[in-house]
Structure formats: structure tokens, C-alpha cells
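Across the two complexes that follow, chain A remains constant while its partner is chain B and subsequently chain C.
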Partner chain A sequence: MSEEPRIGVFVCHCGINIGGYVDVPKIVEYSMTLPDVVYAEPNLYTCSSDGLQKIKEAIEKHNLNRVVVASCTPRTHEPLFQGACEEAGLNKYLFEMANIRDQCSWVHMHEPEKATQKAKDLVRMAVAKARLLTPGDEPEIDIHPTGLVIGGGVSGMTAALSLMNQGFKVHLVEKADKLGGALNELGTLFPTNVKAGELLRPLIKGVEESPDIVVHLNSALKEVKGFLGNFEAEIESKEGSERFEVGTVIVATGADYLDPVGLFGYGEVHGVVTQLELEQKMKEGSLGDVKSVVMVQCAGSRIEERPYCSRICCTEAMKNASLLKEEDPDRDIYILYRDLQTYGIEYTEMEWDAKRKGVKLVKYDKARPPVVTRGERGPMVKVWASLLNEELTIEPDLVVLSAPLVPNPDNKTLSQQLKVPLNSDGFFMEAHVKLRPLDFATDGIFVCGTAHSPKEVAESISQAKGAASRAGIPMAKGRVRAAAITAVVDEDRCCGCGICIELCPYNAITKDEMGIARVTSVVCKGCGVCGASCPERAITMRHFTNEQLEAQGLAALGRVVD
Partner chain B sequence: MSKPVLVIGGGVAGIQAALDLADRGLKVHLVEKSPSIGGVMAQLDKTFPTMDCSICILAPKMIECSRHPNITIHTLSQVTGVSGGPGDFKVKVIKEPRSVDESKCTGCGICSEKCPAKVKDEWQEGLTERKAIYIIFPQAVPLIACIDRDNCLYFQKGICQICSKVCPAGAIDYEQKAEEIDLDVSSIIVATGFQEYDPSELGEYGYGRFEDVITAKEFERLVCASGPTGGHLNRPSDGKIAHRVAFVQCVGSRSHKKGYPYCSSVCCMYATKEAVLIKEHEPASDVTIFYMDLKVFGQGFQEFVDRAQSHWGVKYVRGRPGEIRRNPVTKDLTIWYENTETGEVAEKEVDLAVLCTTMISRPENKELADVLGLELDEWGFFESLDPLMNPIETNRPGIYICGCCHGPRDIPESVAEASGTAACAAETARRYGQ
Partner chain C sequence: MAFEPNIVGFLCNWCSYAGADLAGVSRIQYPTNLRVIRVMCSGRVEPAVVLSILAEGADGVMITGCHIGDCHYIDGNLHAKRKYELTRRLVEKTGLKTGRLRLEWVSAAEGQRFADLVNDFTEQIRELGPSPLSGTTPDLGLLLKVRAAKAAAEGFRLRALVGKEEKTVTDGNVYGEEVTQEEWDKVMTESVETEYSRHRIHIALTEAPGSVKELSEKLGMGSQAVLEHIVALRQLGWVDVQEIRGTSPVYVTMEVPQ
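Right, the complex of A and B next:
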């Protein structure tokens, strides 16, 4: 950029979040003393409509060609300020942010003078970088209007049908020999006690009859290359492998039930089964003459080894307990629980319903869990009933363990293939826990259902439609813009060592015929790993050039280079 | 070109649905009853487990709505008539007068500063006052003042008019009339949210009699840096810093006697978050949560509770307190409870008691359900077509529901569902589009 930098600085009070501790008028005054700053102003909230309008007006009135906002975090607010710049005709890469809230006022609340001094330092650094900013170009990507859905359970089928109804083609990949997933194993589903098969049938029919959905059974993902809009997937089955292009990917691989072997006598004491096995017996009508049942909740969950709550087990137990009572009101049914996790309107009602039917609820303590041993005629359960303050001994015909949902064992491989993260429990981790529950941080890949965490069928259905909406957005648009903050290779310096190729987490770098590293800029996420590891310093990150970072660093030390 | 989609309710669910649809290229009308979009999430202090400041993560989305070329926001507006069916709904919207010209107001706030009429600030949960002409909160979208005619001296007594004299933009318009807007849309998404149960009817807890017995939503404002005390835990009665705080769970929920039988789903976790916030302010605080069953059924919830206990020292006592009494001299409160795990009947003195009240349906659901032709459940929430198989569809094709308007749920669930309804609306738009 040949013209001289003309920088505008906008300093946000953020109500009292910044203004209560940092002397904002002083920062404004100080900003005006910095090189190339031609304008500065304070705002109550720079992010308000009014604040953004002020930025736009100042760009025009003072002919600004760089904008610095000193406020909160770029993580949430940079796109907003960049948008305001663009609306005023300024390339959004000519914008820079100084975080004087999260990294300053919030952590120095008790030392306002030092906070003000630090805010000056941060603004000086941002201005030093802003002087060297250059406009960025965002390449346009064409989006292939086909979705890949991994997993053919209720979530995957629901997502596939929604994508189809939105007008897209779908490849649905299922590892088993039939569609339906975990629901194939279940009897009836709460809260309406519909048979799982009745829910599955129309979904399977819809998927199988749709000319726009290609179902791949007995198939597993072998490889995924590419990026949003242009993924190339390879799947493998006994018949061989197949490749196709897709625009977006939805992960709907579900979860497994824990095999609770060794817990509460399972596998050791005759008559100890899981809820799933109970459901199967009830479904087949092979339960036999069972007069009394003890259900044990949290059988393998909410413990050190597996800290999470599996969400569905309490309601599932209520449902099965009620069904057993309906069959035979004389049956004795106990549910041994730690905290009842029935929630919301329908599921709490199931708890009330079970109580009305005479199901007995016994609270136990994590520190004194029930003990199941072999009794005279079947299993024997000893439990410290914490609300009664006494030990109960029950000799039921059947002990039913509510074992939690656990991550699908394939998650690890899939997370590596797709380069998306798992959380500490081993489930897929979304981009933001509150506001982006269905997105991965990687563009074009989404998650729904129990692949993400334990959840009910109804919630999985809502989520599957939600994931189909998210995946449908870029496909409906047809083209999207990629980021401009990418790596650039200096061909003269590159020695072709290939270290960057190995390290790139996005497969964005390849070698050309001359042995020189080439960056596919639409795939590059600008993470900087390649730049940091290049022994020849041949890789520069756009928007974070060495020159810019050096200027920023020197400014931190109080040196402003004119 | 497909017809637009109508989204009713501008909370986080309505915002998400609107953005999903607008991003894919469909036009959206977002109708909000209050002067700003944002809903309850805008009022919350922090959100667990990341402890992100709630308005800080919501505000960018609110502003995205206002800047999006495909979204038209109608504030102070309500849907009063709907006819037709999927692909072709004819909708009537009444927009109440703001008494401020939206095209002129810059949101500078001088009018509010000079306005002499003070009233309780509902947005701050009545913990402080606002003026009769006001901007509902600093990050409001649109950032435009609004006259509360019921409390304005000019509208009530024909005097004053100070706001019109001081407004530098000449934006005050006392003559503004309610406006009727006709919309032609392909589908409708209902995202009208919930309201908090009023615990006054539970006399034993003293809400309404004792100033320092507050609801959890009031606590969110009290602990918030942009709240009435600047985030200091000054209790309402005498301003004393509350170091000893009790949270009472299941207020108005899980009961067949008074209140509602259902579990409100989110209270155990927001109480835990609020308890941690107190500890973050003052680690030596004594914070106790009285609960019945600890509902930790979401991703990371149990871990968050474990950390509240082990790292922050938040105490959990199982038992529903029987009564809260107040010492008339010190104003301190005494919680009478039975620890149901030890059988011990005990009392605990605290500075502040927070009632974690259940989410209930909005009273205006009845009227809206009549207008939309939708069914309500026993508790006044909008009913799903089928709670298992079609949770976000309704008895009327082309109308979808998301968020807390069909029962208590947390933010991520509301957001995911909102995207779900956006998919339904996109499918409908395609089916009936030209």
C-alpha cells in the first residue's frame, strides 16, 4: 500500500468493564500522540450499533485507512468491527484490535494506574502493527452441493432426509449391514412408549426410497481430504473402495453402551443384566417369571474413571420400571439412584408416573454403593439407603444395571481423519459449548446426536435437523469466502525439506514439481505451525508477518520505529 | 425467490433461527415484543462452564442480525393474525409506538439523562430505576430510545416534554401511532421463550416480604458488572456485602402442592455457576446450595459441580428448606432445613437467599396459540406434534417451535433446536418456492 497510514483509534469503556479501571480519556489522548494516528475517540460500547456507526463515519470523515479498536477480545468481536470497516469501504485486514479488557482491566482491577499504563502499551503495540497492515484477499470457494453423513442411526438418517428435502444429494455411510443404529436394539422409547421399530421404519423407508440419498452399508470412512465445499471422501467396504466429492460432512456416529463387566456382579452373578438386555427380554417376551427387580443407576458413570452423567438412564429406568409394573402390578421394583436425572416436563412426568405405580426409589451414596452378590435363590443386593439411614437387603429375581453410554470406539480414528477434536470423555467436541453446539471449529464439518454426548432420541432428532441446517447453509449459498490469513512460501528460500508438510494439521501444503512447498490457501487455516517450524524462515503468515510482529514486539518495549 | 420466514421472539433461539435462514439466503422477519432483541440471555451475567460473559458472546449475534441484509427486525411488535398455510401464511403484526423516530435516534442517551420520571427498571429485575424514556440496556439492538407512555409525564399529565427539547437529533415523536404490518411468509418459527415463576405464593420463603430473598434472575443482575451495584454483592436491604449465601433449588418445581410438578432442567447448573461467581468475587464466602437431586445430565455438568465443590468449596446440602425467617434487627436470614441425608434438622444464618425458581410458560402464549392455531400443553407451553418423533414441529404444518417456549431447556439445546427449525423452514421454503 503506497499511501501513508492514517490510523483511527477507538477506545471502548465497555460500560465499567474497562472504564471503571482504565482511564479511557487518557488512552484516547495518548493514542493521538502515536505515529500515524490521525484520529481517536472514546465509546461507551464500541460494539453497539452506535459505536459501529461512529467507526464508519470516522473512516469517511478523517479519510482513515487503518482502524484500531481497543476493547475486548477479537475472538468474539473482531468480525463485527471488521464488518464495520468493510461497510465503510475499508478492507477488513486493515483492522487491528487491542484487548484492554480481558487482558488488562479485568486482571488489574485492583491497580487502575498500572492498568491504564498497560492499556497504553497494548494500544501502542496495536498501532505499531496497524501501520504495517496490508489488505487481504479472500478467495471464493465453490461448494459442492452434496452432503456426507457418517452414521445411519436415527440422527444420521434424520440429517440425511433433511438435507435431501433442502435440495441436496447425500452419501450416507453406515458401518453395519443395516440402517437404524442403536435403536435396532431397543424396545420402546420414552416418553411416548412407541416401539423403536415404528420410529425407524418411516425413516429407513424415506432414506432407501430417496433417489438423492446414496446409502453405503458395511462401509467405513477410509480417508477425507480437502476442505469446506470440496471434500474428497474415500469409503471402504468388502466390495472395495469408492471415492466421491462432498461439500459438507455431518458426524452422526452415535455411542455405545458400556459393558459393565465386573460392576455390581455383572458377568459374575446370575440374574444381573443391563437395561439394554432387559429391553431385549421385554421385546422378545422372554423375561419369564420375574417378581422383583432392582435397578442400579450410575452403573459405571459419575465416578472418577467416567465422571460424566449419561443423561438418559434415569428416564430409561423409569420407563422400564413403569412397563414392568403395568404388566404385573404385584412386582416389586426398586430403583437405586444417586440423583434422579429426570428433567423437563415429559421426563419428570415419567418419574411421577413410576412413583404412582408403586416403584420404590432408594437413594444411595457414591461413597457407599450397592453390593451385589450371589444369594440363596438369585442375586442379593445390599444397599445403604442414605435417606433412611439404614442398610437394606433385597433378594430380587433380577438386577438391572443402568450402564452409561460411552463414546463409539471409532471416534479416535474418525477424529484424526476429519481433524476434529474429542473431549476428555472421548466424545466429539463442538466449536463453542453455548452458541455453536453443532459446528466443529473446522469449516464444513458438523456433529449431532450421541456422537457428541449422551442424549435422548427426541434431542438427537432436533440436533440432526439443526446439523442439516448448518451444513445446508454453505451448500445453499453455493460459494463462500475463505480467510485471507494464510501461509505464503518464499520460493527462493524454500529448501524443500518438507518439515512444513509433515506438520501442517490441515494437509494444506504439498510439494510442487520443483520440490518447493506450495500452500493451498483455501485449506490453510493460518495456524502458523509451518511458519514457526521452517528452518529457512521461508514461510510468512499473512497478517502476522515477521515485520509486523517485530514492530509490535519493539513497541511493547517502548520503541516506536518511525 | 422464496417468500420470507417469520421468526417470533428475539431471544437466543430466535436469533439463531433467523441467522441460519438469512445466511442461506432466505429473507427473515424477526418479531420481538420488547424494545430490543436479546431475550433472557442478554440479562445473564456469565455462562457456564466457560464462564464467558453472556452478553459478550450474544451481542455479536444480535448485531449480526441488525446488520444482516436478509433480516428485518420488528421490535415492540406482536403477531395478531395468521391465516393461510405452509408456503403462504398471511400474517398481521402490530407495532406499538416507540414515540421515537427510529431513523433519527442515535442512541446517545441524553433524553434518558434529562428525563425526570423514574420507574422500576424491569431489565435490571427491579433492582434499580430507569427513566420513562430509556434505552433498555446499553447493548440494545436496535440502540434506540423508547418512551414508556404509562410513566411519561407528557402522556400522563400533558407536561414536561423535556426529551423533545434536549434531543439533538429531533427524534422524539409523541404523535407516533401503532402501526399494522402485513407479512406474507412461507413458514413461522415460534421462539417466545419462558418467564420466571413468581415465588411470592410460597409464603414460607418470604419472597416479597424480605428484601434479601431474591430470585436467581435477580441475582444475575446483582452479580453482573453492568448491574445496579456494578457487580458488587451488596444485598438489597442494607447494602451489606453478602458473604454468606444460600441457594434454594426447586422453588416452584417438582411439587404437586404449589407451583409445578416438572423439573426445570437448568437450575442446578445455574445455581452452581452463581455459587462459583460468588466464590470468584470473594473466595472466603460461605455458599450453600440446598437441593433435592443434583441434575448434572449435560456434557461437562458433573465435572463443573465437582470443581465447584473441590476447588471452590461450594457446599451442597440435600434437603428442601422448610422456612426462611429474618432477624428484624440485623436483617440476616435464617434457613430452616432438614438435611435428608443425615436426618438432622438444622438452621443456617445467611446474608442473602437466592431462590432458584422454575421456568414457566409465558401468559401471552394462550393468545398467541389462538392466533397461530397451535396447541398448548397443560402448563401453557407450546406442544410438539410428537414429543419423541417430531419435537420441533407442531400440529399446524409450516409452524415450528424451538427453545423454552416448549418447555425448560438450556442455551445449547435452544440453539441446536433453533437451527433445527431453520432446517424445517428451509425445507418448507423449497417445497413451496417458485
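Right, the complex of A and C next:
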């Protein structure tokens, strides 16, 4: 490490994206004046194969041991440039970027001089950090080729079968005494009106008959330790507890239906039921002589207390309304709605189908919701029809509330056990809604089904297959590399206070037999909260050290420290 | 020439840095005064690093993280808030305007919000004017105060307190007793006062040995308070008696073991 830094700076024009606003030749010239910079060049596109080749050649020709690229954002292009460095034999942690496009030329398009000055400062800051960079060793992790699926509903079983078909063993944990989850309660499923039981049967059969899937009924997760590839799970049932090792975890714990007590007369007025209860009556054939039905949408959702849309209820109502009409075309069916979310091709068709059959749609305002009271022979519904601008009074035989799906009450415990986040509604939250929709930020843990958000069965199945594919990647590879941006404890300074252990969101820090903090680097995700809080300042955050941050700060103020 | 503030920003990689990138992709224009340092998490930003940058003459320091509940690291931003609060307390002690600091939450989808924030903060700093610590003739008295604040932020006591704060205030202390934010704030206020004062004394004695009376005059601190701190600092081995001048002991700093 005593080797003197020899830094190469590559300044990208990005066509006119940077070059049109920032004086690139001036930046190149300025870079050469910075300490330890031995080479600088402009590129039309540094990210082109030609540009990458130039980086590789310069590393060799000028014996560079640090590379700085001034171009776009590291969030998209750092891996590409790091790859070029590695191909030229330079450790990828000896690379640094200056963001002179997204955070400079693009946001200062009318101030080319000031933009050029800022770009110089950003390059100076990147060089200041580059001088202090050290190579990083990425630890390799062996991946245990077994998956843990939590939840034995349609999502969990689909994920388990998919993992099995990829050639992995699976532990499937279900808290109830049988597989099937919410689908056990449902009648028919939109859009095809297949009976829920018929969809479940082959799934359950496949899971139960597979020698590679071990089903744990009446069981709950007690503890999960470890990290991607090497989780150790403990489950608990009446029979006692059991431990096993798994490489990946899929959360498929589903959701609950809201019990809408106190809403729209539910629990108070006879003849007010939920969609789920209606489905059960239809399934059992116990509906009786019902001549008219009023369905109330958003019964407990899209309100302050529960702001999200439950996604399935509009289509569910259309399906049930159509079925009721098919049974008896003389039935009067009203759907009181706020906004209709029958999205996509099939569900729009279902809406039209219901309308063709004579289902009446009445729009109401959130501010003036329907009121359900006891009428003379059954429930009485008064609703302000906002499109008609008048109040309607309906006395149906049955009021059906479209109550939303709500988060599984076990989510909180599970999120703490797995150290994965919930969103503000209480559903599990993925790492990134677009870029990593099936992953948690914690490596090796994935999510699918209604544990993630309200969704219908087809979407749950797609998501379950997706999650199983994602989980299959590291297990198929057998080994993966973890990033080297991790915390390191100086054991001579550590006083064993344990604050870092409490702060670590990933359980990456433990105490050894001497009471000294130890970081399991493959588990550490590099946030640096431990290092920023260590009272003895015994923790160094690799790649984001205090010295590096301070050097960048001083460079930002125009100070160059030798 | 009009005053152009030098503002340093610490942006978390996952939300606010992405939000800043989005402002670029959307071509939303904002002032050129911000210089960004990317960190993985806003909870990484130590009060001592912020104070060090202020000591070097930054006109403003801005820290941005993910919105509460959206942290990529689950709760790093909660710790960022606690650390920021300590930085603010210490800056307040020095007399430097706390308006030079800002902590905000910006999501990856909030390009406009990020640009608005830079606009607003730059304007705020413009109104405050250049930092007394910037330029070629910084206010040396203030500089010593900011250095004392930085040293306090690097010390065991304040770091340990901030590290424990979130858990203690949320889950109670190790004895399972509830600790309210008000109770905790009282402890913080006292600790910040003590640590800051001790480092003021320590730095003053590094400059020149002195008696309690001299220190009291130099630092504008009551002599009883100075004496109490000197006693504590002697026990820590940070200062010792150099000589007795007349009837007054003169104190000097010791080599502090690292």
C-alpha cells in the first residue's frame, strides 16, 4: 500500500450532454494540475467500447493505480467502468467517479462557466478520494441449495414448486393445519371463474407428493440467523422446534381480509356481509332467496386510516355481480363505487359484461359515503349518487361490503426476524419498485403474493414464479461474491460496548469470545451507521472512510491537501 | 462580485442521490453552489465530519436521506436524524448559525423536490452571508470553538449517547424502564455542555498554559465551572499542574493517550 498513487482521469463529453455545457478540454487540462494525477484525457463517450479500451490501455501504458471517470452517475455506470479496470488488472475499488452530467451539466444548462467551475470541483473531489482509496477483497459465499418458503398459500406453493423444478430442496412452512391459504375460503376466481378448489388441488398434490419439498404445517418461524447462502432457520410447532439450513428465503405469508365491524352497518344491521362471506354462501349454495343486492366498494380502504387501494375488490365485485345475475337475471344489483379500477383487458371486459347483464353502477363521493341502516324488512341504503346529483334510497335483501385486504398481523414480527422492511401500510416492501421488485434489500430474501401488496391470484402466481427464479440464481451458481464495502473493526480499539451490534440492521456484527466486535463481512451491507456511532472510533467504513469523506469535503472548498 | 456560497451536501446513495440524478434526467435547473459527497446512508454522516467541514469554511452543509420508513437500511435515517441533532446542538454552542445546516428527506422519485431544496438552501445561505470561517481571514476565536465542538463530537461520551439514543428512547433503557425524549434531551443538553466546555478548556491550554482565573476570563466561563472541569480533566489525565504561580496552580495539557 506504500505505492504512490498514480491517477488517470477520463473526462467524458457524453456527446453534447456534457460537452455542450461544460468545457471538457479545460477540465482535462485542470485535472493534470491535481496532485497524483499523471494522466488525463477527454473521451467522446467513455462508456463506449472504444472509451473502455482507452482506460485499459492507459492503465497499462501509464502504470495507473487509480482511475477517475468524470461522466454520468455511479448509480448506473460505476460497474461498467469498474469492469474495465478489473480487465486491466486494477482492483475495482481503486476506481472513483465524478458525476458531471446528471448533477452538473444537465442541471446548469444556462450557466456554462459556473457549470465548468463546478465540474472542476467535482473532479478535484473525486481525485481527493481516489488518492485515499484502497483495494477491496470481495468475499466469496457458498450457497446452500435449499430454499425456505414461508407461507403455504397459492404464492408459497407456486414458489416452492418452482424451486423444486429448478432442482432445489424446499422447506415450506405454513402456520395453519392445511395448505391453501386464502383460496380455501374463496368460491370462484376471476377472470376465468375457475373454482378456487380446482386451482388448489394440483398445487397441493404437487407439493405433497414431491420428495424435495418438506411441508411443515402448524408451524411458525421462530428465528432466522445468517445471510445469503447460509441462513439457519428455526421453526416451532406443537411438536417442538426444528432447525435447518437454507440458502434463500421467500416470504409468501399472504394477507388478511379486513373485518369491517362498524362500517356500513356491518355487525349491526342484519343482511350486511362482506364479499368473502357472499362467496362462501354462493359456494355452499346457502344464499337463499335474494332478489336485490347492494355492493359497497372501498369499504374501509382509500381512507385516511388505510390509504391504499386493495386492487382486487372492483373486479371481485364485477365477478360476483355477474354470477348473481347469471343465476337469476331478475335480481337487482347495484355497485356503489368511488372509482372503478377494473384494469387491463380482461377486467375491463368483465366490467362491460356486468353492465350488459344489467348491473347498475352508482358513483359516490368519499365525503358523502353510503349510509346503511335497519329498514322495515332488511337493510336500507341511502347514497348520494354524485353523477345524478341526487340521493337514492335502496332497500336490498343483502348489502355486500368490498372490504380490503389488510397486512397479515404476523408481518411485524417476521419483518424483525428477517430484518426486512414493511411499508407504511404494513405490507412487505421490495428493494426497488422497478429495478428489484422481487428482492428485499437484504441479499437472499425475496417476496411474493399478497404479503407484498393486495393483488389477485394470477399476479400472485407470476410474482411467486419470479421470486423463485430470483432465489434460484445464487443457488444455481453455488457461489457468489459480496461487495467489499463493509465495516472493519480495529480490535485494539474496540471496547466491547456493543453499540454497533444494536445498531446493525442486518445482524452482521457479533462479539467474539474476547468480547470484541466482529463483522461478518458477507452480511454487512455497508451503510456505515455502526462506524459513525462507535464511541471508540474503532470501526472503519471501507470505501467511505472518514478520511475520504473529509478529503472530499476539503476539496469541495477548494483545499487540496498534500 | 456577488457572494457565491460554498455548500457541501452528503447524499445517501439509495434515495436522495438518485433523486438528484432524476433532477438531472428531468433537466430541472438549480443553482451551482452545491458540491455533493455520496455516502451509502445518511446515518453514515458523523457530526465530527460535518464540523470539520464547517471549520474549513463551508458556508452550508446539507444532509439528505431516504424518507422515514423508506430507508434502504431499514432505519439508518433515524440515526441520521439523531446525529444531525447532536451536530446542531454543538454548532449552536459555537455561535455559528445553525441555519448553515440542513437535514432533509428526498426520495429517488423526487427530482423536483431535490432541486427546490437546493434552491431554497442556497438562498438561505446567501441571506446568512459568507461563513466567518471562510476566506483568507477566518474568525480565529470562532474557529477554536468549532474545533472544540468537533473534538467533543469525536469523544466517547457523545458518540455513545447518540448511538444509544434511538433504542433507548424507543424501547427503554437496559433495565426495561421507559425513557422519554424529554428526559433524554435533558441528558444530552448537559452532556453537550460539559463535553464542549472541557474541550474548550483543553484547546485553550494547548495554546498556552493558564490558571483557572485566566481560563475563566479567556473563555467567558464561570470560574467554578472551569475548576470543576479542570478537576475532571485531571482525573482523565488530559491536564496537569505545570507550576504554582503565587497561590494559583497553572495548568497544562498532557499528551492524551489515543
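General observations
Heads up, the rule we're going with is that the second predicted complex is superposed on the first by the 502 of 562 C-alpha atoms of A that agree within 3 Å, B and C clash if a C-alpha of one lies under 4 Å from a C-alpha of the other, contacts with A are read in each partner's own complex, and residues count from 1 in each chain.
Basically, a residue touches a chain if its C-beta (ideal position, glycine included) is under 8 Å from a C-beta of that chain, and two chains touch if they have at least 3 such contacts.
Small disclaimer: the values here were computed from a predicted structure and weren't measured.
When the shared chain is aligned, chain C comes close enough to touch A:Arg559, but chain B does not. Judged by the number of chain A residues each one touches, B leads among chain B and chain C.
In the overlay built on the shared chain, the residue A:Asp365 is in contact with chain B alone; chain C does not reach it. Residue contacts after overlaying the shared chain place A:Asn423 against chain B and chain C alike. Residue contacts after overlaying the shared chain place A:His108 against chain C, while chain B stays out of touching range. Chain A uses residues 73, 423 to touch chain B in one structure and chain C in the other. Those residues of chain A that touch chain B in the complex are listed here as 15-17, 20, 44-45, 47-50, 52-53, 72-73, 76-77, 79-80, 83, 87, 162, 165-167, 189-192, 194, 199, 302, 307-309, 311, 337, 339-349, 352, 365, 386-387, 389, 423, 425, 427, 432-438, 448, 452-453, 457-459, 461-470, 472-473, 476-477. The touching residues of chain B, counted against chain A in their complex, run 12, 16, 20, 23-25, 47, 49-50, 52, 56-61, 63-64, 66-67, 106-108, 138-143, 225-226, 230, 254, 256, 261-263, 265, 293-303, 306, 340-343, 377, 379, 381, 386-392, 402, 407-409, 411-413, 415-424, 426-427, 430-431.
Listed in rising order, the residues of chain C touching chain A in the complex are 6, 8, 10, 13, 17-18, 20-21, 23-25, 27-30, 32, 35-41, 43-46, 48-49, 52-53, 56-58, 69-76, 79, 83, 115, 134, 154, 156-157, 159-160, 162-164, 167.
By the touch criterion stated above, chain A contacts chain C in their complex at residues 73-75, 99, 101-104, 106-111, 114-115, 117-118, 121-122, 125, 419-421, 423-424, 429, 431, 441, 485, 497, 499-500, 502-503, 505, 525-529, 531-537, 541, 544, 546, 549-550, 552-554, 556-559.
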